[in-house]
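Heads up, the next two complexes both have subunit A, just with different partners, subunit B and then subunit C.
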Partner chain A sequence: MRYVHLYFTCIKRSMISRLEYKKDTVVALFSFFFSNFCSLAAIYFILQAIPALAGYSLYEVGFFYGFSMLPIALDHLFSDEFWLVAYRRVKEGDMDMLFLRPVPVMFQVFAETFQPEGFGELILGVALIAVCSANLTVKVTFGAVAVLCVGAVFGAVIITSLKVAMAALAFIFKRSGPLLQVIYNFSSYAKYPLAIYPALVRALLIFVLPFGLFISLPVDTLLHGAHNPWLLCGAIIGCAAVFFALAVWVWTACERRYESTGS
Partner chain B sequence: MLKKYKPFLRAGAIDTMAYRFNILMWALITVFEVACLVFLWLAVYRSSAGGMDAEIHGFTYREMISYVVLTTVFGFITFNNDTLWNINNDIRKGTVGNYLIKPISYRGKFAATSLGSLLTMTVMFGVPFYTAALVTLRALGFLPDLNFPGFFAHLVLFLISGLCASLLNDVIAYIFGVLCFYTTAAWGLNSLKTTVISFLSGTLLPLAFFPAGLRELVSWMPFAGMSQNPVLILMMKYDLAESLRCVALSTAWIVVLELFAKLLFSHAVRKVTVQGG
Partner chain C sequence: MIEVKELTKVFRKPIRGEGLSGMVKTLFSRKYEEVRAVDGISFTVPDGEIVGYIGANGAGKSTTIKMMCGILTPTSGSVLVDGLEPYRKRRQVAQNIGVVFGQKTQLWWDIPLIESFKVLKEIYQISDADYKERMAFLGEVLDITRFLSQPVRTLSLGERMRADLAASMLHNPRILFLDEPTIGLDVLVKEKIRQAIHALNRTYGTTVVLTTHDMTDIEDLCSRIILLEKGSILYDGPLTSLKNRFGNLKTLTLTVPAEIRAETAPVLSEEIALAEEDGRLVLRFDADKIALEQVIQYAFRDLRAMDMKIADISIGDVVKTILEQQEAEHAEKV
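Let's turn to the complex of A and B:
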C-alpha cells in the first residue's frame, strides 16, 4: 500500500516536470504519428502491387501492425526510465542517490517516469485494429478476444522484463544501451505475419525472443483460428512469469555488483 | 580561408574512430533490420501475381534485395553526423555563445566535422562493406556484370553523389538543429527528420512504388538524392545522363538549403535563450 502511494507521488512529480516541456510533447507526438503514417503508407504501397502478402490481405497485415503496438505501448508507459539506466545513468554516476534511499532501486526506476507518449501508440494501435476489423469478416470468438488481451498485457510484461534484464547489465558494464536496443528492435519483426519468415526465424521469434508468441500467434488465432486460444493464453502467461522471474533475478545479481563511477 | 576548419575535420574523424564499439553495435542492429526487410521482400515477390520471377515497378527480387542491402550500407556510411544533437547541446549548455564570438562560421564547423566523419567511415567501413556487398551480390547473381570501364564512371558518380548526400543530410540536420533555438524538442525534431528522410529518400521503399503524382513531386525534392539515386547510380540502373542529372539536382539543392539555413540561423540567433551557462 505504501508503495502504491509512493508510486503515484513520484509519477505526479514526473508529470509536473513534463508539463514544463509542452511543446516537446506536441512535436514528439506529431513525429510519432507521422512516422507510423509513413510505415503504413509503405505497407499500403507494397500491397497495391501484389494480391496479398503470404496469404494475408491488406487489412489483415494492418491488423498485425496495429496489434503489435499494444504491448509495446503498455511497456512504453511504465518503463521508459530503463533506457536511461542502460545508456547514461550508470555511466554518469547518476544512480548513487537511488542506492541511498530505503526503497528498492528497481521500484525507484519504475517510479521515475510515466511516459504519456505511450498513449499515442495505444490510441493508434486500437484505431488501426478498429479500422481493419471493420473491413474484415472474421468470426470473433470469446477465446480469440481473450488471447489478444492476454497477449497485449502479458506481452508488455515480457518486453519490460527483457528491458529490466538488459538495463541491469549496465551495473556491470556501465553501459548496456546498445545491447538493449538490439534485443528491443526484434519487436519490429512481429509487425508482420510470422508466415513471411523462414522456419528458423519463426522458431526464434516464438521460443527465444517471444515477440511472435504474444503478437503474431494471437492475431493468427483471431483471423484464422490457427491455435487453441486457451493453450496459447497459458503459454503466454507462463512465458511472462518465467521472463519476469529471470529479470528480477538478473537485476538483483547485477545490482549487488554495482560500483559507482563517481562522476 | 578553409584552413581554419581543418581541426574540426580532424576532430570529426577522430571522434568517429573513438566510438568503434558503438558503431559495431549499430552495425549489428542494422544487420537484423536488413534481414527483416529481405524476408519481407522475398515474401512480397513470392506472393506476387508473377511469382518469384516477377518484376514489380521495375525491380526484380534480386535487384530489390541488392537495393535494400546497398541503401543500408549507404545510410550507415553517409548519415553519421551528430549535428542536431551538438547544436542542441550548445544551446542547453550555453556554449553556442562561444562560437558566436569566434571568427569561424557555426555552419562551417559542422560541415567540416561531418565531412571528417564521412572520411573515416568511408575508409574504415565503406571500403570493406561496399566491396563485400558488391562482391557477394555479384557472386549470387543479384547484380549484373560490373564491366569495368562503364562501372568505373558510375563508381565516380556514385562517390560524388554520396558526398552530396552527406552534405544534404548535414544541412538538413543543421536546419532542424537551428529549430531547437525555438523549441527544446530536440528528440522529437530528430525523429521527425529521420522519418522524413527515410520515407522520401526511398530508403523505406523505392520511390517507384509511390503513386504517380506523389512520385513526380518527390523526385524534385532533395531527398531522393540522399539514398535512392546514389544507390541506383551504383547499381547502374541509371544511365550516365540520368546520373548526371541527379548529381546536378543535389548540388542545386545544397546551394538552396545552405542559403535557407543561413537566413534561418540569423533569425534564430536573435531568439536564443541559453539554458544555464
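Let's turn to the complex of A and C:
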C-alpha cells in the first residue's frame, strides 16, 4: 500500500517535470499526434498492399497488428526509464542517488517516468481492432475475449520483464542498450501471424522470446478457435510469472555490481 | 557509529592499447589490471563526531564514502553503519543516513525545489509534524525559503548546494556523509554551509563524515581528520597534531625582478627551500626554526621583492611532505 501511494507521488513528480517546459510540452503533444497519425497511415498502406497473408484476410492481419500494439503500449506506459538505464544512466554513474534512498532501486526506476505516449498507442491499437472486428465475422466467445485480455496484460509483464533483465546487464557491461534493442525488436515479428514463419522461428517466438505466445496464439484462438483459451491463459500467466521472477532475480544480482563513476 | 575494518575495493580494468587498433586488440585480450582504490583501511567514527576525510584527488575518498552509504559493494573487509552492512541492508541504512555529493545533485532537475522535498517526504516516510519542524529548521540555517518554488535547474551553484544539503537532512539522519560539499562555492556560501553543519551537529548530535580540499572547512568543523593516500590511511587523529608534525610551516610567494633566480639567489639559511612557480619565487620554511621577521627582511633586502603573500601550509603540502617522507623511508629500507 505504501508503494502504491509512493508510486503515485513519483508519477505526479514526473508529470510536473513534463509540464515544466511549456514549449516542450506543446512540441511533445504535436509530435505525439503526428507520429501516431503516421503509424496509422503506414498500417493503412501496408494493409492496402497485402490483400491476404498466409491464408489470413486483410482484416485479420489488421486485427493482429492492432492487438500486438496493446502489450507494447502498456509496457511503454510504465517502464520507459529502463531504456535510459541500459543506454546511459549506469555508464554515467547517474544511478548513485537511487542507491541512497530507502526504497528498492528497481521500484525507483519504474517510478521515475510515466510515459503518457503509451495511451496513444493503446487508443490506436483498440481503434484498429474495432475497425477490423467490424469487418470480420467470427463467433466471439467469452474464453477468446479472456485470453486476449490476459495476452495484452500479461504480455506487457513479459515484455517489461525482458526489458528489466536486459537493462540490468548494464550494471555489468556498463551499457546494454543495443542488447535491449535487439530483444525488443523481436516484438515486430509478433505483429504478423506465426504461420508465415519457418518452424524454427515459430518455436523461438513461443518458447524463448514468447511474443508469439501472448500475441499470435490468442488472436488465432479468437479468429479460428485454434487453441483452448483457458489452457492458453494459464500458459501466458505462468510464463509471465516465471519471466518476472527471473527479471527480479537478474536485476538484484546485477545491481550489487554497480560501480558508479569517479567524481 | 561507523566501524570500518580492513576495507578494500579493487576495480578490474582491461589493459587498453592506444588508438583505434589498440582498442580493437583490447576486445580480444584477457589481460586486466587491478586498481586498488581502497586498500585495507580501518577506522571507527563514534556518534556525534565530525570527521574530515582528506587526501589528494584519486586517493580513494569518494570510493570509501560510496561503500559506507551502500552504493558500492566492498571487494573485501567490512563496513558497519550502526551495526548494519550498507551493501546488504541498503534500505535500512539509507533510512538513517544522509548523503551529499558536491559534484552531483540528488534533486530532480526540472521541478520546483519544494516538490522535490515533498517526494522525499514520502520516500523517507516523514510525518507531517516532523516535516514542518525540519523545514523550519533548515529554512533558517540554510536560508532556502526564498527559492523554494524555483526549479532546481535555475538555482545558482550556492543555492543548489544548500538545497542538496537540506534534502539530505530532511529525514533527520543520524549520520551525514558530505563529499566535497563546498566545492566551487564563494566564501559566504561556504560559511553558511559550515554553520549549518555545526548547527545540525549541536542540535541533533548528527555524526558527520566530510571530504574536502578546503583547509578552512577542516579547521572550522573537524576535531579529527583521516588522511588518505593511494587507498591507505597515512594519518588518523586530531588536526592540530598533524599540522604541528612538520612544525609551523609557512609559504612565502614573492614577485621579484627577473634577474633573481631560485638557483642563484643569495642564501640566508639552509632552513629555507627556494623554488620558482609560475614566474614567482616561493619560499618554504618552518617558522619555529627561523623567525618570520628575518625571512621577510631577507625577502625585501636580498631578493628585492616587490610583492609578497604569506600562507600557512596547505593540506596539499602536508600530504606532499608526508608522502616524500614515506618515499624516503622506503628508499632507506631498500
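Note that the second predicted complex is superposed on the first by the 229 of 263 C-alpha atoms of A that agree within 3 Å, B and C clash if a C-alpha of one lies under 4 Å from a C-alpha of the other, contacts with A are read in each partner's own complex, and residues count from 1 in each chain.
As a convention for this text, a residue touches a chain if its C-beta (ideal position, glycine included) is under 8 Å from a C-beta of that chain, and two chains touch if they have at least 3 such contacts.
Quick caveat: nothing in here was measured; it's all calculated off a predicted structure.
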Subunit B or subunit C, by number of subunit A residues touched: B
Touching partner for A:Arg13 - first (subunit B), second (subunit C), both, neither: second
Which of subunit B and subunit C A:Tyr258 touches, first, second, both or neither: second
Subunit B versus subunit C as contact partner of A:Phe32, first or second or both or neither: first
Which of subunit B and subunit C A:Phe45 touches, first, second, both or neither: first
Touched partner set for A:Tyr21, first subunit B, second subunit C, both or neither: both
Common interface residues of subunit A - those touching subunit B in one complex and subunit C in the other: 21
In the complex, subunit A residues that touch subunit C: 2, 5-6, 9-10, 13, 16-17, 20-21, 93-94, 96-97, 99-104, 256-260, 262-263
Residue numbers on subunit C that touch subunit A, as the complex places them: 11, 58, 62, 66, 69-73, 87, 90-92, 94-95, 97, 99, 101, 103-104, 106, 108-112, 115-116, 118-119, 122-125, 151, 179-180
Contact footprint of subunit A on subunit B as seen in their complex: 21-22, 25-26, 28-29, 32-33, 35-36, 39-40, 42-44, 46-49, 56-57, 183-185, 187-189, 191-192, 194-196, 198-199, 204-205, 209-211
Residues of subunit A defined as touching subunit B within the complex: 21, 23-24, 26-32, 34-35, 38-39, 41-42, 45-46, 48-55, 178-179, 181-182, 185-186, 188-189, 192, 195-198, 201
